[in-house]
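Below: a set of structures, written as structure tokens.
Shared chain: chain A. Partners: chain B in the first complex, chain C in the second.
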Partner chain A sequence: MATRREFLAAAGVGAAGLAVGAGATAFFEHDDGSSSGETVPFHGAHQAGIATAAQDRLVFAAFDVTAATKGELRELLHEWTRAAELMTKGLPVGPPAGDKNAPPADTGEALGLGPAALTVTFGLGEYIFAPGRFGLSSRRPSLLRSLGKLPGDELDPAKSGGDICVQACADDPQVAFHAIRDLARIGIGSAVLRWAQLGFGRTSSTVSTQETPRNLQGFKDGTRNLHGDNAEDMNRFVWVGDDEPQAWFRGGSYVVARRIRMLINAWDRSVLSDQENTIGRFKLSGAPLTGHREHDPLDLEARGADGRPVIPANAHVRLAAPSTNDGAAILRRGYSFTDGIDAATGELDAGLFFIAYQRDPHKQFAAIQTRLGSHDALNEYILHTGGGLFAVPPGIRPGGFVADGLFA
Partner chain B sequence: MATRREFLAAAGVGAAGLAVGAGATAFFEHDDGSSSGETVPFHGAHQAGIATAAQDRLVFAAFDVTAATKGELRELLHEWTRAAELMTKGLPVGPPAGDKNAPPADTGEALGLGPAALTVTFGLGEYIFAPGRFGLSSRRPSLLRSLGKLPGDELDPAKSGGDICVQACADDPQVAFHAIRDLARIGIGSAVLRWAQLGFGRTSSTVSTQETPRNLQGFKDGTRNLHGDNAEDMNRFVWVGDDEPQAWFRGGSYVVARRIRMLINAWDRSVLSDQENTIGRFKLSGAPLTGHREHDPLDLEARGADGRPVIPANAHVRLAAPSTNDGAAILRRGYSFTDGIDAATGELDAGLFFIAYQRDPHKQFAAIQTRLGSHDALNEYILHTGGGLFAVPPGIRPGGFVADGLFA
Partner chain C sequence: MVQFPAFDALRWRRVLTAGLSAAAVAAVVSACGSANATSTSGSRPGPEVLKVTLTDGGCSPKKLTTKAGALTFAVVNDGTKKVSELEVRKTDGVILGEKEGLVSDKHGSFTLRLGPGHYVLGCPLPLGGGNGTLVVTGKPISVQAKSGTKLAAAVAAYKLYVERQVAQLRQGTKRFTAALAAGDLGKAQRLYGPTRRHYEAIEPVAESFSSLDSDIDARINNVAPGAPWTGFHHIEQILWEKNTTKGTAQLGKTLDADVADLQHKVATLSYQPAQLANGSVELLNEVATSKITGEEDRYSHTDLSDFQGNLAGARKAFELLRPALDANGNRILGNTIAQRFAVVQQGLDRYRRHTPLGFAYYGALTKADRLAFSQEVDALAEPLSTVAAKVSG
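Our next item is the complex of A and B:
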């Protein structure tokens, strides 16, 4: 458990307006829970939650902004930053039991759970920069424009888009839930939840030291993912560079989300060789069909005795490979989800909530998805049912707030 | 990781018909994941997952049986038992990559995740025993009859009832998901999913050594819960005893589930004293309003300087207390859930998936809920939106299957 001194010290950093009084004291005197889990630094050149080793659990939310002025939007981002900063330290956003005659400043369900490696990552949707809305149209990140309807997109408007996205990742799902819930509460009057998605298990390794997990198709997913601990790759593929005309946005990134429903019954009825040819890898080992071990390179030229490519022309790994996409690669950070039963079919509504970071969503995600959505053998077994595109501002300085450069 | 010898040995126990061939061998030769987590014994006098220390994650599913005959129902329960037995050992239900020309016998997403303390607990709904259906009406557990519409029930039929319930609890959510998914797959032709609920975090301690977790209202929940390691309480309140006329059902229990939606925005706007008076406990410490520490006894007689009860007449802890309910107590095993946004209100659809075990659902859950549903101050902040009542057969003998006594 953080000491009271740590709480007060933390609360003093960029937390103007936080009333730290009897309530906060009472909290640390009464609560006997113990802190657990790592703390991921909140400040830095880039927002946490991108290059960070993928945590186990996710809650992803998109908000519509109801604030009417640029000043109110700025205040919302300032308040949210302050709250995120505290929560990522495992601290409540304010006294969870201060004034008996006021609603608690923190909803309390994460008390005692510790930081749990929480990261809170913010992104801005295109409409924030619409002419005439907040007077920000001249500050729009240069590549934040609609991807259009991509092949395979059947996006439900109720699970798509939004003005601001918040990705909360943590090793404890209640810590991730608490972050979104308290941001929603703090935002009342300025922002309303548009959609949210719980992800119960990570399907990506995002640093070189993590093992590749399996997705709900039973395959290792993301063997060739970019890694946050490879600075060269991150600079080349993920972080917006000095060529960005909007100086405030340099060091940022773009995130694309897709709620990819898996048609589980169809997949489960398909035979093993079809599954492996669909993906282009062996199911158990994760090795490419041209190799023996998971990390063996793909040999896209190899042909079998019958003269046909060993990795089929429409296999997922072939179509998604950088060499097939002019070298384009993306940093994936996906999570398995399930939302109960699909009433229409009676099967589990489950799949992969796909999240990808990149410096150019048009030349990276959209280009790859255009190829995949048109030809990928996997299309028979998946549906893209929701998602969005957001510009992810650069990292936050101590004392600053997310996207503060936008208002400078 | 289990050795191949262990897999073969395990597969040999009550697993007639499981083809253990090249595929299983390949699995253990190629997979480099390591087993993790505890194994909870599957066999015993009572089903696992009731007295067991509450695991962190839940997937709860209800199935409708489509099998037409008693023999087919028996075969379904036999097959499901065999699969559950393997999965609780951290083993696949069959070779996940055997015959290339057949669908894999296991869907594969839990490979390498270990047993993760998985328990799979089965219950039977009332309609299994309907006259003229399977010829089992004379074998119906004596207290398995509808609870009727209880005060507070606004149960959505699409999230309620069912012929068979399966509670999968594990410390890894993908292990719990895999259990339900593979049982659904194995059941094709004999049973179809009716509804399912993911629970992301436990809200109950079910043994004396577990700390009390917080629910999404931010309060410690279940401080006075029954404990699975207290044999006297379990025999008195949870396990069906020798007075049960159906000999096959002795040692069983009854489970009541309720999907309790919390009206989060209303709760978060309420002031601390209202929250504490609603529950009857202090929010931070979890102590009763008449005490200082979480486990201090409730003093339901205490009155304040104003002459009014310190624990209000309509406080949740007062109305739920055994002393208010003729001594009735239940073993709770609840989980927090969230299912995204409620489209009607724009707030998070989240709450507590309540699960309670008892030996008499009428004198225990229904009696308590009748009092709570009519008078509980908490009703302003919750909705019961789904659930069911199921008879939970006694434990499974090695070589036997769940409810085998029903077919003897």
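Our next item is the complex of A and C:
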């Protein structure tokens, strides 16, 4: 980190300026997210931050809208879009220093850090479309309705739901934080923070060239993830297609977020074979229990000398596999988190902030989670403590703003 | 107890005198502001005195009619326990002047300059109602002048406001420290919150003098190792944690001297318009960081009374700047801020109680309201923070 910061500080605006030019071609080219001068294009058919190679850091925030009218909501989304566009270019949202008698328009902590591959991705919660609220009930994306209580849910209302979610991902934690902070500030009077989650390290590879990272259980996570650079899979599983009745929402997606607390102490004192049987993979290599290398295919039929399945019936990989879920797959984009310690137990409060994109949250996430929540051996070691479902509008046109089709 | 009526009578005279001279100065300021200013009070020997009685039914009379100009409201409580204050408000809820803490048989007064229009005489009863109406007739007294002149008027009026708050602080502190010296624990505890409210209204001004704010208002964790801990909060700790006045007499003397020092110093101050705006924001920051959190009055839990002091002071400074904001093209901003002040005040009004303190203790504040207050104060302070740049030359 220090090295990167020093470099950027020394290079100053020049580095950011160069990166803007390089970013256009670098969209899918970076492999490990280590170059913080990079710019991810803000405009496109789909919002950035979904197919984008997963950056190192996350700040995810959910807001409640306090604005009373459709016009004020529109203005909020317009202002947020303008600010997000600037920040993804590594630019401040306004002069960070100017009038001595005015608070600086930009809070300043991201100055000199470059764009850091920042993406800002917006989603809309169900209640935005509530009848009688903003007059938008006839424009609700067709699958944006509550997932209901799924097996294993222990969601804390204080860490769940919200009217608008903002996912800020960057290769520099302070760049991601700055994005959420300045959006929150711009939103004051129209939106209030409901909950927020900081993710300190990615747990997913979302393009074919990224290595699979490890989650806090020490296992490689997301080996069989969908990849943003596989257009066929993205169209099949992630992007809302032309069959969506709400024309404005075509090209969008649905995001499910889950704050999954890991019961670390219990996990850490379970023996290696238990850990591996729980997941269905070998800890070091990440290979399935039926293979030798990470990307070897799962053999869900294989049986051991005792006649029992080599990958146990309740192993996580078996229950989560598309082949056992009617082919359902999701694009996972999760991050490890910690919020210090649980004051009641003194245990680390840490885990996986799970983020998944899909075109049908009911047939994809909810269907998978229904199986996992009731049978997964992993349930002994995790708790779903928060999260939400949001409709992610399609990409933003130059000169437009997020969800502008909703107001057309 | 025998002494108190005499003491209150003295206080009555002083408050009235302060009110009269303040009105006179306000009139002079207005008159200087413009050559063609209309002053209806010029033909009168002094402010018109309007008598309002607080009764079980609220304000009496329910309707008053008078001419525009300087008006002194003489308020008497006829023995009712249901209402203890009179507020004069604009119909949009902005408080123009008030006299609080008038429990049975107490009286008090305040003076305002009012132009023609309808006003609310607020005598809020516990279950609602009780208000009256004030109709002011005659020619407008507001002075149409250039922005710079409006700012000069704002600054002059703010100086008066600060001096009056500090005068009331000084009076209250004397009564408070007299109770400490007399060993009257109950009385000292009753006077603690209402006295402090005047300090909380003008705290940023006190902060402009190097050590006065910490001498008067430091919390235990603000005191440098080895340095003496003086002021309200050390006394608060003894009164509530140790439940005694023992050991407070010397602290009381020091507090009296520090408040007297403050009064002498504020008399020498002059202000810039931006200071009013920034002071207003600072007061809201005080609300956010030390009142909503219960940090300020951690032993007595009188934080909501201090909250009212901060809010009143912040609103006063803003309302004084508002004519200048309106005149220089920022009317919408002014309306937004005024509306958000009203939202916070409405929330706080739900915690008003008919007790000497006037407010519930901090423990009554619900978790949901703590969050709501924080967000409402944010929504108010953010646009308010842009005012300074718009009123500085």
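The criterion applied here is as follows: the second predicted complex is superposed on the first by the 372 of 408 C-alpha atoms of A that agree within 3 Å, B and C clash if a C-alpha of one lies under 4 Å from a C-alpha of the other, contacts with A are read in each partner's own complex, and residues count from 1 in each chain.
Here is the rule we go by: a residue touches a chain if its C-beta (ideal position, glycine included) is under 8 Å from a C-beta of that chain, and two chains touch if they have at least 3 such contacts.
If you're wondering where the values come from, they're calculated on a predicted model, not measured in any experiment.
S.K.: Let me test your reading of the model: by the given contact rule, A:207 touches which partner, first (chain B), second (chain C), both or neither?
M.R.: After superposing on A, A:207 lies clear of both chain B and chain C.
S.K.: A:136 in the overlay: touching chain B, chain C, both, or neither? Say first, second, both or neither.
M.R.: Neither partner.
S.K.: With the two complexes superposed on chain A, say which partner A:367 touches: chain B (first), chain C (second), both, or neither.
M.R.: In the superposed model, A:367 contacts neither chain B nor chain C.
S.K.: Should A:147 be classified as contacting the first partner (chain B), the second (chain C), both, or neither?
M.R.: After superposing on A, A:147 lies clear of both chain B and chain C.
S.K.: Per the contact definition in the header, classify A:107: touching chain B only (first), chain C only (second), both, or neither.
M.R.: first
S.K.: Once the structures are superposed on A, label A:383 by its partner contacts, choosing first (chain B), second (chain C), both or neither.
M.R.: Neither partner.
S.K.: Look at A:99 in the shared chain and tell me whether it touches chain B only, chain C only, both, or neither; answer first, second, both or neither.
M.R.: Touch partners of A:99: chain B and chain C.
S.K.: State whether A:270 touches chain B only (first), chain C only (second), both chains, or neither.
M.R.: It touches chain B, and chain C stays clear.
S.K.: In the superposed arrangement, does A:185 touch chain B (first), chain C (second), both or neither?
M.R.: Both: A:185 reaches chain B and chain C.
S.K.: Which touches a greater number of chain A residues, chain B or chain C?
M.R.: B
S.K.: Is there a shared patch on chain A that both chain B and chain C touch, and which residues make it up?
M.R.: Of chain A, residues 99, 101-103, 185, 188, 192 contact chain B in one complex and chain C in the other.
S.K.: Where on chain C is chain A touching in the complex?
M.R.: 274, 336, 340, 375, 378-379, 382-383, 385-386, 388-389, 392
S.K.: Would you mind writing out the residues of chain B in touch with chain A in their complex?
M.R.: Residue list for chain B touching chain A: 26-27, 30-31, 33, 57, 59, 96-104, 106-112, 158-159, 172-174, 177, 180-181, 184-185, 188, 192-198, 200-201, 211, 214-219, 264-265, 268-273, 275-276, 282-285, 336, 338-341, 343, 346-348, 350.
S.K.: Once bound in the complex, which stretches of chain A touch chain C?
M.R.: 66, 99, 101-103, 185, 188-189, 192
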